[in-house]
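First chain A sits with chain B, and in the next complex the same chain sits with chain C.
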Partner chain A sequence: MSTLTLERLNKTYGGNVQAVRGVDLDIADGELIVVVGPSGCGKSTLLRLIAGLEEISDGELCIDGQRVNDSEPAGRDIAMVFQNYALYPHMSVYDNMAYSLKNRRTPKEEIRRRVTETARLLAIDDLLERRPRQLSGGQRQRVAMGRAVVRQPKVFLFDEPLSNLDASLRVQMRQEIRRLQKRLGVTSVYVTHDQVEAMTLADRLVVMNGGRIEQIGTPMTLFNQPATRFVAGFIGSPAMNFIDLAHAEQTPWLPASTPGGALTAGIRPEHLQLVTAGSGDLPGRIEMVEPLGSESLVHVRLGEHDPLLVVRLSGDELPAAEQPTGVAINGPVHLFDSDGRRLP
Partner chain B sequence: MATFQRHRAFPWLLLLPQLAIVAIFFFWPAFQALRRSFYVQDAFGLGERFVGLSNYVAVLTSALWQQALVNTLLFSASVALGAMSIALLLATLADRVLRGAKGYRTLLIWPYAVAPAAAGVLWLFLFDPSLGIISRALGSLGIHWNQRLNGGQAMLLVIIASVWQQMSYNFIFFLAGLQSIPASLLESAAIDGAGPWRRFWTITFPLLSPTTFFLLVMNTIYAFFETFGTIDTTTGGGPNNATTTLVYKIYQDGIVGLDLGGSSAQSVILMVLVGLLTLIQFRYVERRVQYY
Partner chain C sequence: MRYRRPGLDVATHVILIIGALIFMLPVLLALMASTHTLPSLLSGGLALLPGSEGLDHYIQLLTQPAGGVAVPTWRLMLNSLIMALGIAVGKLTISIIAAYAIVFFRFRFRMLCFWLIFVTLMLPVEVRIVPTYGVVADLGLLNSYPGLILPLIASATATFLFRQFFLTLPPELLEAARLDGAGPWRFFRDILLPLSKTNMAALFVIMFIYGWNQYLWPLLAASDADYATLVMSLRRLTIAQDGVPPWQLATTMTVLALLPPVAVIVLMQRWFVKGLVDSEK
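Up next is the complex of A and B:
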């Protein structure tokens, strides 16, 4: 049962490349934090800093209030699940799971008991004698989980653990990880680039971009009140529509209280609807219709040089393409200033 | 298959160059050696007489041959062990080198490009009793070095020269082996609470074992056969046969002493010996190799 505190955490490579910049994060006991962001945003580096695989350039890292900046990975009492699972290929599943316990001089009986118990929990108890190469992707994933669980560590770290699995297995393992984490109540940090995974797993989401934290909050907070234009565009699929406005005060569909000047308006595809040409808030032309069965995505061109607007309709609405149309706004409009920050 | 069965001669034609080379340069001389080992020849090569197994009896009961056998075992074990452990150490260190890694590797690979005889002469200079830098340095430490008089020192010299040569070869293989071990395995082991020493012996070393086994076989063969040049230029088998190995003795008895029958018997015995050794290595050592 542990808390994890990151204070002004920085990582600089070779004096000038800043991979992680001033990250502050308080993780409560038993919480599952998902760090999400595009590749190269520093999320994996952040995880490696917590694990002790990279040296912290500046700032403080505390586990249970104890500063662990200078502890070896082994001294931090964490367990990590790697993207490629990092199973020891020359050891059986049993030995893979027992390895960390052996290193800590746990008595043999205790090791046997804990490994079998964990194996049963993860439904891999009939695989204990096998070598990793004799396992399927999903089984390897379970063994990697088992190796982390058997330690009973203070903190779990997950580095994109599902990205090597096929889609259906990924959904299944996602649910299992969630269930297991809640059952064991171990504080966890989970890194992914997949926003569906992020939304479904997280107690709280951390969105990173360019080494910085853009926003921390529950998935619904991030979805409904994105703090920056980046978060607004990153969370939600299909992505939010952005309309750049040179003179916001002249835009009739914005509330009267809107400040003037250059702004960006963000509207989610589900908060738009098509109306007959000539009515609605925005005139446009339907350029393409993507029927997905359960929903239809309609791409609307507003002006010749404007980006396409995506409108999400229910699956049975299939308007014809190459038709003029009106677009009506029937949901919240998010406003961002020229620095990409949300306006209240 | 039907297509191939109609062309019976063609596959053999394709195999012919390879078969011819093996036949002419291996089977024919090997057969000659085997045949000669049952004969004695006169010194001018004009006549020969069948003597059955008496060449073998003479070789196996000869005190000089027995000494050469002991020399060879001592020499080969030292060379294989020395060349492999030093190479492994250097490769482990080089694996961590990030800047200038290429230059460092190239430097370490160079000794392999030096001909064995030249390498022997190089070490001979360094250890020359009156002129050599190393022997003078040893002298100032109170160690009297003279490989021309002291058999143990002569043996040490040929071992050093051979280890130096073979090390580069081993180094390349070990380094390649180390670099094919995913970093995440060692990171995972570090998180699992294994210190550097334990990580090396429980993760790195077992994962390197296919490389290590291959090198063990190659180094044994190197020490048995390919060190001839080094021994010939540095010590010439002496002093008092202290550095005469089995291969060197075959050369001395056959080429220098013109005892063709006796040296043929020795080479047959050597072939059987190395065959046995390799068999043992495959039966008993390979079992512990972790192929994955």
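Up next is the complex of A and C:
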């Protein structure tokens, strides 16, 4: 049962690569925080700073209010699940799970009890004698989880643990991780670049970009009130449509109180509707229709040089391509200034 | 990929058999010659069939001094064995530890150390033999086992091979071990060593044969017959008192010199397979 506090955390590699910049984060006991962001934005680095695998360049890291900047990884009592699992190839599943306990001189009986208990919890109790090579990807993933769980650590760290699994297994393991984390109540930080995974798992979501935190909040807060244009574009699938207002001709659909200047309007695809040509808020031409079964994505060209607008329709509506159309807005319009910040 | 065509099978087997015969012929000749008497060898040309002496020459050599060799051959074999084992075990130990330091520790002049070790690849014993002799003599190690072993015990090749192997391991393995509370020593003992088993077996075979076949260094360092090795003594045996070298004994000793390396290869081969079966699936 632990809290985790990050204060102005910085990591600079080799003097000039700023991988993590001024990260402030308070993680409550038992909370599952998901850190999400594009590749290279510093997610792994942040996790490795917490684990103690990288030295903190600047700032402070506290576990339960205790500063741990200078503690060895083992001394922080943190367990980590790696993307490639990093199981010890020459050890059986049992030994993989028992290794950390052995290193702490846990009595043999206690080790046996905890390993079998954890194995049962993760449904890998019939694999205990096998080597990692003799396991499927999903089973290896479970063993990697088991190795973390068996230690009963203060904090779990996950670095894209599901990205090597196929899609259906990923959905299943995602739910299982969520259930396990709630059941054990261990404070967790989970890193992913997959925003669906992030939305479904998180108590609170942290969106990172270029080493900085863009926004922290519950998944629904981030979805409904993205603080920056980056968050708005990153959260939600298909991504939010952006319309550059500096080049738009007429915008009667904007609220009258909208200030002038180089603004960008953001509208989610599900908040747009196709109407007959000549009516609606925006005139356009249907360029392509992507039927996905339960829904269809319609790409609409507004002007010659404008980007395509994506409209999300329910599955049974299938308009013909190459037709003029009108687009109506039936949901919130988000406004961002030239720095990408949300206007209230 | 394997081709399945009978004609090709026959052709490859013919080539393999010819190759094997070419390699086997000298060994076979030595084996046959060791069972002939000297006069029969000198008169009969190549000895392709077993002679009349059976194992007599082997018993003679193993139990008593012969020719220019002052000790029985069992003693030479023991010396050779100690030297070869010492060199092989020493080389493995030192090189795996050196590679461990170079790959897993960040210290000042790390790359300099690596290149220094690497450069010594270009300095075999023969090149540095005079200074090496001076050092060993000053240390009073001439005519001793340490004197035979120590100058040959460092191996840039093995260090390099272990380094390459360590670099292929995912770095997360070390990180997982660190989080699991394994310090440097435990990581080495519990994870690196077991993963290196097959590499060590292969290198052991190579290094044992290298040590066993040393000629020049023992010739210098072991002037005392008590420390003479088998390979360096082969030539001494043929220094004959009455002008005719005892070829029947020389071929016998040659066969004896072959046995331990062959035994090591056969033993280690089983170990390889076991290692492969264990770790690969």
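In the analysis below, the second predicted complex is superposed on the first by the 340 of 344 C-alpha atoms of A that agree within 3 Å, B and C clash if a C-alpha of one lies under 4 Å from a C-alpha of the other, contacts with A are read in each partner's own complex, and residues count from 1 in each chain.
The rule is short, and it goes like this: contacts are C-beta pairs under 8 Å (C-beta built on N, C-alpha and C of every residue); 3 or more make two chains touch, one makes a residue touch a chain.
Treat the numbers as computed from the prediction; the structure is a model and nothing was measured.
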Overlay on chain A: chain C relative to chain B, clash or fit: clash
First (chain B), second (chain C), both or neither touched by A:A79: both
Contacts of A:T116 with chain B and chain C, given as first, second, both or neither: neither
Touched partner set for A:N103, first chain B, second chain C, both or neither: both
Which of chain B and chain C A:Q134 touches, first, second, both or neither: second
Partner chain(s) touched by A:N164 [first = chain B, second = chain C, both, neither]: neither
Shared chain A contacts, counted only where both chain B and chain C touch the same residue: 51-53, 72-74, 78-80, 82-84, 86, 88-90, 99-100, 103-104, 131, 133, 147, 151
Of chain A, residues touching chain C in the complex: 48, 51-53, 72-74, 78-80, 82-84, 86-90, 99-100, 103-104, 131, 133-134, 147, 151
Touching residues (chain side chain A, partner chain B) in the complex: 51-53, 72-74, 78-80, 82-84, 86, 88-90, 99-100, 103-104, 131-133, 147, 151
Complex interface listing, chain C residues touching chain A: 170, 172-173, 175-182, 186, 190-191, 194-195, 278-281
Complex contact set, residues of chain B against chain A: 182, 184-185, 187-195, 198, 202-203, 206-207, 290, 292
